[in-house]
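Chain lettering (A, B, C and D) follows the sequence in which the chains are written, and residue indices restart at 1 in each chain.
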Amino acid sequence: MRRSGKINFLAQGDKYRIYILFVVIFGFMSIFAPKFFSVFNFTTILNAIAMNATVAIGFTVVMICGQLDLSIGTVITFAGCLTLGLQPLLGFPGSIAVAVLGGALVGFLNGILVAKAKINSFIVTLGTMTILQGAIYQYSGGNSISVTTDEAFAISDFLQVSLLPLLTPRILITLILVVAVEFMLRRTRAGRNFYIVGGNRNTAWLAGINTDRYLIGAFVLSSVMAAIGGVVSVLVSTAATLKLGEISLMYVISATIIGGTAMSGGKGGVLRSVIAILSLEMLYTGIILFGLGNEVKIFFAGLILAYVVLYEAYATYRHEKNLGQRPELMKELATRLSTKEKKLLGSRGA
Amino acid sequence: MKKLAFIALAIALAAFVAVPLIGQTAAQKANLAASLKIDTSKLLSADNQLLLAPSTDNRKVPKRPADPNKLPETDPLHWYDMEWAGWNVKPTNIPKSPMTGAIGKKVIFIVHGDHPWTTACILGAQKVADAYQMEFKALSPNWDKVVQDQMIDQAIAEKPDMILLIPLDAKGAVQQARKINQAKIPLHLFNMLPDAAALNYSLGWTGPDDFGQFRLLARAWADELRKRNPGAKSIGVAYVQHAPGGSPFFARSFGPISELAGYAKEIKTLVAASPTPATFDANTTMQLVSDWITKYGDDLKGICASDDSAQALGIFEALEKAGRNDIVVVAAGNSKQGMDLVKDGKLFGITYQTAEGDGALSVQYAADWFNGKKLAVRQNLAQHIITAEDVEGFYPPQW
Amino acid sequence: MNEESMGLALEMKGVRKSFPGTIAVDDVDFEVRPGEVHALVGENGAGKSTLMKMIAGSFDDYEGQIIVKGREVRLHTPTIAKKFGIGMIYQELSLARPISITENLLAGRLPRKGPFLDKRLAKRQARSLLEGVGLDLDPDLPIEDISQHEAQLVEIAKVLGNDPIILVMDEPTSALSREEVERLFAIIDQLRKRGIAIVYISHHLPEIFKIADRVTVMRDGKKIATKPIGEVTREEIVQMMVGRSVKEFYKRQERTIGEARLRVKGLSRFGFFHDVDFEARRGEILGICGLSGAGRTELARVLVGLDRADAGSIEVDGSPVRGSTMAEHLEQGIAYLTEDRKIEGLALRLAVDDNILSAIIDRLSSASVFSKSKGMQRVRALIGELSIYPPDPSRTVGNLSGGNQQKVLLAKWLASEPKVLILDEPTRGVDIGAKMTIHSSIEKLARQGCTVLLISSDLPELVGLTDRVMIMRKGHFTREMDYGECSEESLLLAANGDVGTGEGRAS
Amino acid sequence: MSDNRGPAPDGATDGAATAQADTRSVKTGSLSSLVNTAGVYGIALLFLVLGAVLQFTGAIGNFLSPQNLLNIVDAVALVGIVAVGMSFVTYSGNYADMSVPTTMGLTGYICIELLRYGFIPAIIGAIGVSLLIGVLNGFVVGKFKANPIIWTLAVNYVTMGIIRLVWVNKQIYPDMKGSSPDVVALFDAIYRLRFFKLIGLPLVILILLVVIGQFVLTKTSFGVKLKLTGSAPKAAKLSGIPIETVIMTSFVLAAFTAAIAGLAVTSLSRVGAWYNGAGYDFKAVTAIVIGGMTLAGGRGTILGVLGGSLIIGILNNIMTLIGIGTFSQDMVRGAIFILVVGINAKSLRSLGRDDA
């Protein structure tokens, strides 16, 4: 008998879990949360996730490589500050370019330290996070940066005009990036190589895949996406606040995990992470629409994350326990038990 | 909140029934009359202070220098755009008052984030809103600007009679205000003094005059420093700054610095820094101040903190360890810890920052606007410095 | 065979590779002809694996010449090696566990249609590769969902997929069941016929005599000799490997077998093995024979308390075993030497003494204060007894040769002075010298009255060492043979459930 | 998590490890960890010397004054306390306990709430509750091998939510819960009590914890089991070591020290607030890692962790004395952090360790 993926329920369950979660939250909120089900509300939700969704793209790839990037939060803010801080000198095209390149540079540094110097990514990115935090304050002199020229307003307005219902340029940018990277991961050799590198670096190396290049690439992608997220976000709000990316880190980590990207690497996908963020955001919005406070938000976010982690851990636990069980023995067992029961009945009868 | 709505409705109906022929406008007139009768000036906050104490500030608004940033940081006018923001705005299509009375109006009250201060602030606002039987809805984005923007969108969608907003960020406020303005919804900003440009789109601003308060505090502080160091040629002081990213960061250090540059030249600024990574962590502040004491020794005569709870406590831990009781410490805000320290004669003075009053004044401003009163673009909360003499009067603390 | 006429597929001239402290391969000449299976034997640490890793491009700093198909090449990365048609099947699996079989098989060379992957084609290729090694699995399954020996075959399929002209196999059978070994040999035969040059590393001499055309023996990084297989005997090879003559490999000393010590009644772990009854006596070495997956390891895990039994009872010296944790079972004298050495057996990052004492921490502690010194002389004794080299308790186990690692593992369990010691493949992938030491200390242990359960796929070992053998098949004990009727053949037949085995007994 | 040779739940085949096995030179685990510890104090000493030099060149004033040195250790006392406990988690191969911040916050709330029933009950109650969090973490991570970072992160969220739900976003004060003044005074003294007007209680606790911790790690059977669990969980399990219990214990220890730190912070800031422990998770990790404990587990010492905390303290002190702005200090801290860990990692590899 051919053993097929189908018999592995757990894997299947994992595959669709995030979409199920999405449907459940969407359904529940649409039915019960006041004013939830409206094009307008969905648009605000999509606007709200635009930044974190963009950030999650790169972060997911890093996690697929079995690494962690704690610096994304500060990269967002840093890129934001550069975009508006340098605008007077370079104009928007220039400042945006510098911001994104700056992001790429940070990612490159992270990548080098992880891949070449072989320092644990948790540590490396914790370090760069601290450095960037200082750099941001130093650069901004402690005050947030804004550009309130008509040009800036024009750009901001443009990014928010709705091309179609639910679709503003800002959302479109995120959408394009998500689709592009997801496609790259699924349909190109390079994309699959990220998974192999994350799954087992040795395998990748033996297959002649330049693991270091992919690790560095992942970190660069992560920082660049974070930077883009920051740039777009400040272009919309015409102001770079020093706390811009503060919340993003924990948010994106949780979402990525909930989305089903394993921290051990080799598993997951960008789309799932984004769906997870969307689900969380709908949950949050719903909770607010119910007139409940942020503590409820935090509490539920924690519960969902905890549930997912626990579920996955328990699943693997069970899976390993029963690995190699012989179906024919289980059948035999069933028959034997039934015979035993018959015996029992018989003896009672006598 | 629902109850309020009903009462409001009832009154409106009553008015309607009273004058059947003239109909709506009459009802509105009646509503306006009823609204104008309501007196909120006697309301009290939890610390038994007047909720809406009239401002005692009678300073003249100076003329804006050509380019404030050209001036040195020690020049008060360098901070013009922060300190005097709002006094000379160019209002851009600000809606006219409907003159229909505050009763039954719906206001959405968006704060910056969850904090005991916020809870008190909302409470104060609620008191006034109740007095005017307004439909009052408070939202908190929990310090996340992305969420605040989202809340603003949703508030706009609800088409309230007015939006009251504490912007999360001075500069970020501009775009937020502009957005609300374009949606043709009256906007009132309060508490966090935003970038001047933001005020172009709002009816006005109410809140604590951080700079003003600290100029006041600075003078009292300077007098005390002089008293303790008679005839000293130079008196060294240090500033524990607020978290970066907002006017308090500047008002609570450069406010006094620029004030004293004129008022008490002998007082020299040794250092000004914000404890990192945790700005409002007592332990971090203690470490910072301990090191300052090591560095400056007896030259350090005074410390000005931007927070009178964690920061102040950290400072006094450091002072006690060094056995320094000669250093005059002043701070912002009247948290319980701060007032206790004043009572124990440790803190010399703190600014009175009424959280309830802050919320209350903003709603009062809204009410007055509905009632068609003539309003200054900017209204400051009453200024006051709490010292050992009067600290007792401010218990129990609001939060 | 007329392949002689063609030139050499691979030739190595005076190659040398040294690591800090040691010279792993010292000026070795080695050659393989197309269409020949060239066996490479030697004790662990003799340099075989290093030599082969050299061919596979694992090192960029070896000295000497490597000539492939007549032209000299520098094999500095796996990619280059692959380009020259060199494929290597590694001892330890080099598969990515979370990734699908397809992507492991085609890692780095997934088929593309234009710039994008052609998933359908990939799956088809994967399936045909799997069929090539006689596996019938869904290529979409992730590796973590298939058994270890299936994974080993996937590994082989993966290398064959690169259709190499030179194929290196490092202990390819170590994780395979007998039937799978047979299948592998069939495959090797086809490859040979296709004129592919095969280098075959194994400790398992019978295998070598079965399939090799020539054999090269290495010792201490040097080449000892290369001979056509027909011109050497097992004994000669062993002698060349260990550098000393080995008389009778399994010399049996008489043992007195005492009264029953371990009594197992109706023991079942549902879905893994059912109704296992047997009893083992003091000083007895009881073999358990069966194909991998027959439930041998699962049985051992239950006996030692790693898994819970769903039914049945275990008695030691007449008193039922209490508790459900391994620690408790250990207390009552049941110890288990695991099949897997690197992950489940030893803490490779820790020192020899840490490892040897790891099973008796509590016994060496009073008031939960641990005294290493108390254990040290036992450690030294065991190092001496098992001649663990180097005899330095503070060496990191990861730095020892496989054989010595295995000795350390055994030492760890000897240190716990078990009443019943379960050995799961105690000599797999271990060189002859170590194998002998291990065998003799097993016998010594038995003579001291300990009961030994020996789980092994190494039939000579079973035949030579045990007093009785229980045959296990598909989760049942199907029959029992005593020393007399045991032979490699009879065991093999029984294990494969051929004629004469009591299939019926199960139901 | 980040290197597939770590004891991450996936138990990845350590092919790479064995690929490099040959290149390992011969050194024992214990020795190399001692070398690390020595290294850590070497760095600490380096900074001290730097400070001294700066003092004699007149760049900074009385760096070597007892008062200043005391300030340094005082400043790191709380982080040190948290780090000592958390280092057991790191040592067990489970990276870090990210639930520390809210554990600290919760401890404060509980203690203040219970003060009205007396000082001792309040302390016991508060610590007790925090231990429950440790047990929960330890159970899930130990038994089901959940990823420690993510799991404790989730627990951190949940606890935060609970705190804020229960105390409706209010912070509470020791003397406003109807507890008697002298009890409040006692509570106030947790942080402020000074022996000989010099050595603060937190410092004393830190030293005690370090001594006990070092002893437990190196001399007790638990310590040995922890070492095996950290270096090779599967092998440890198959040596009859109850790794589930061992891991749980390490998390409980982390929660315990977090609770103590939480009490101290609450006592210092005289308020129970949910943000009381904010940032202590990363601070502690920094100290631990600089202290020479590798995230791969099974390597490092408690003394090293103390050294790590000291390095941070001295660094901050010197920078402030020189007059470097606090913002630039962040940058320097981050750079030094990566540098130190990088060097440590390198030395480990040269010692034949392929994990950093």
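What we mean here is this: a contact is a pair of C-beta atoms (placed from the backbone, for glycine too) under 8 Å apart; a residue touches a chain by one contact, two chains touch by 3 or more.
This is a predicted model, so every value here is computed, not measured.
Common neighbours of subunit C and subunit D under the contact definition above: A.
Farthest from subunit D in terms of Cα centroid separation is C. Distance from the subunit B centre to the subunit C centre is 75 Å, each centre being the mean of its Cα atoms.
Here the spacing of subunit A and subunit C, counted between their Cα centres, is 42 Å. In subunit C, 90, 94-95, 97-98 are the positions where the chain touches two or more neighbouring chains simultaneously. Among all residues of subunit A, those that touch two or more other chains are 130, 133-134, 137, 142, 200, 202-203, 205, 262, 264-265, 293-295, 297.
Taken residue by residue, subunit B touches two or more other chains at 114, 244, 274, 276-277, whereas all remaining positions touch fewer. Chain pairs recorded as touching, per the definition above, are A-B, A-C, A-D, B-D, C-D.
Residues of subunit D that touch subunit C in their complex: 10-15, 17-19, 21-31, 219-225, 227-228, 231-232, 234-242, 298-299, 352-353.
Interface residues of subunit C facing subunit D in the complex, by the touch rule stated above, are 19-21, 24, 50, 58, 90, 92-95, 97-98, 144, 306, 325-327, 329-330, 336, 338, 342-351, 354-355, 357-359, 361-362, 364-365, 368-370, 394-396, 398-399, 412. Note for the complex: subunit A touches subunit D at residues 66-68, 113-114, 117-124, 126-135, 137-138, 142, 200-203, 205, 250, 253-254, 257, 262-265, 293-303, 305-306, 309-310, 312-314, 316-317. Of all residues in subunit D, only 1-4, 8-10, 12-13, 15-16, 19, 95, 140, 143-147, 149-151, 153-162, 164-165, 169, 282, 285-286, 289, 294-295, 325, 327-335, 337-338, 341-342, 345-346, 349, 354, 356 touch subunit A in the complex they form.
Of all the residues in subunit A, the ones that touch subunit C in their complex are 1-5, 8, 11, 186-189, 192-193, 195-196, 198-200, 202-209, 262, 264-267, 319, 321-330, 332-333, 336.
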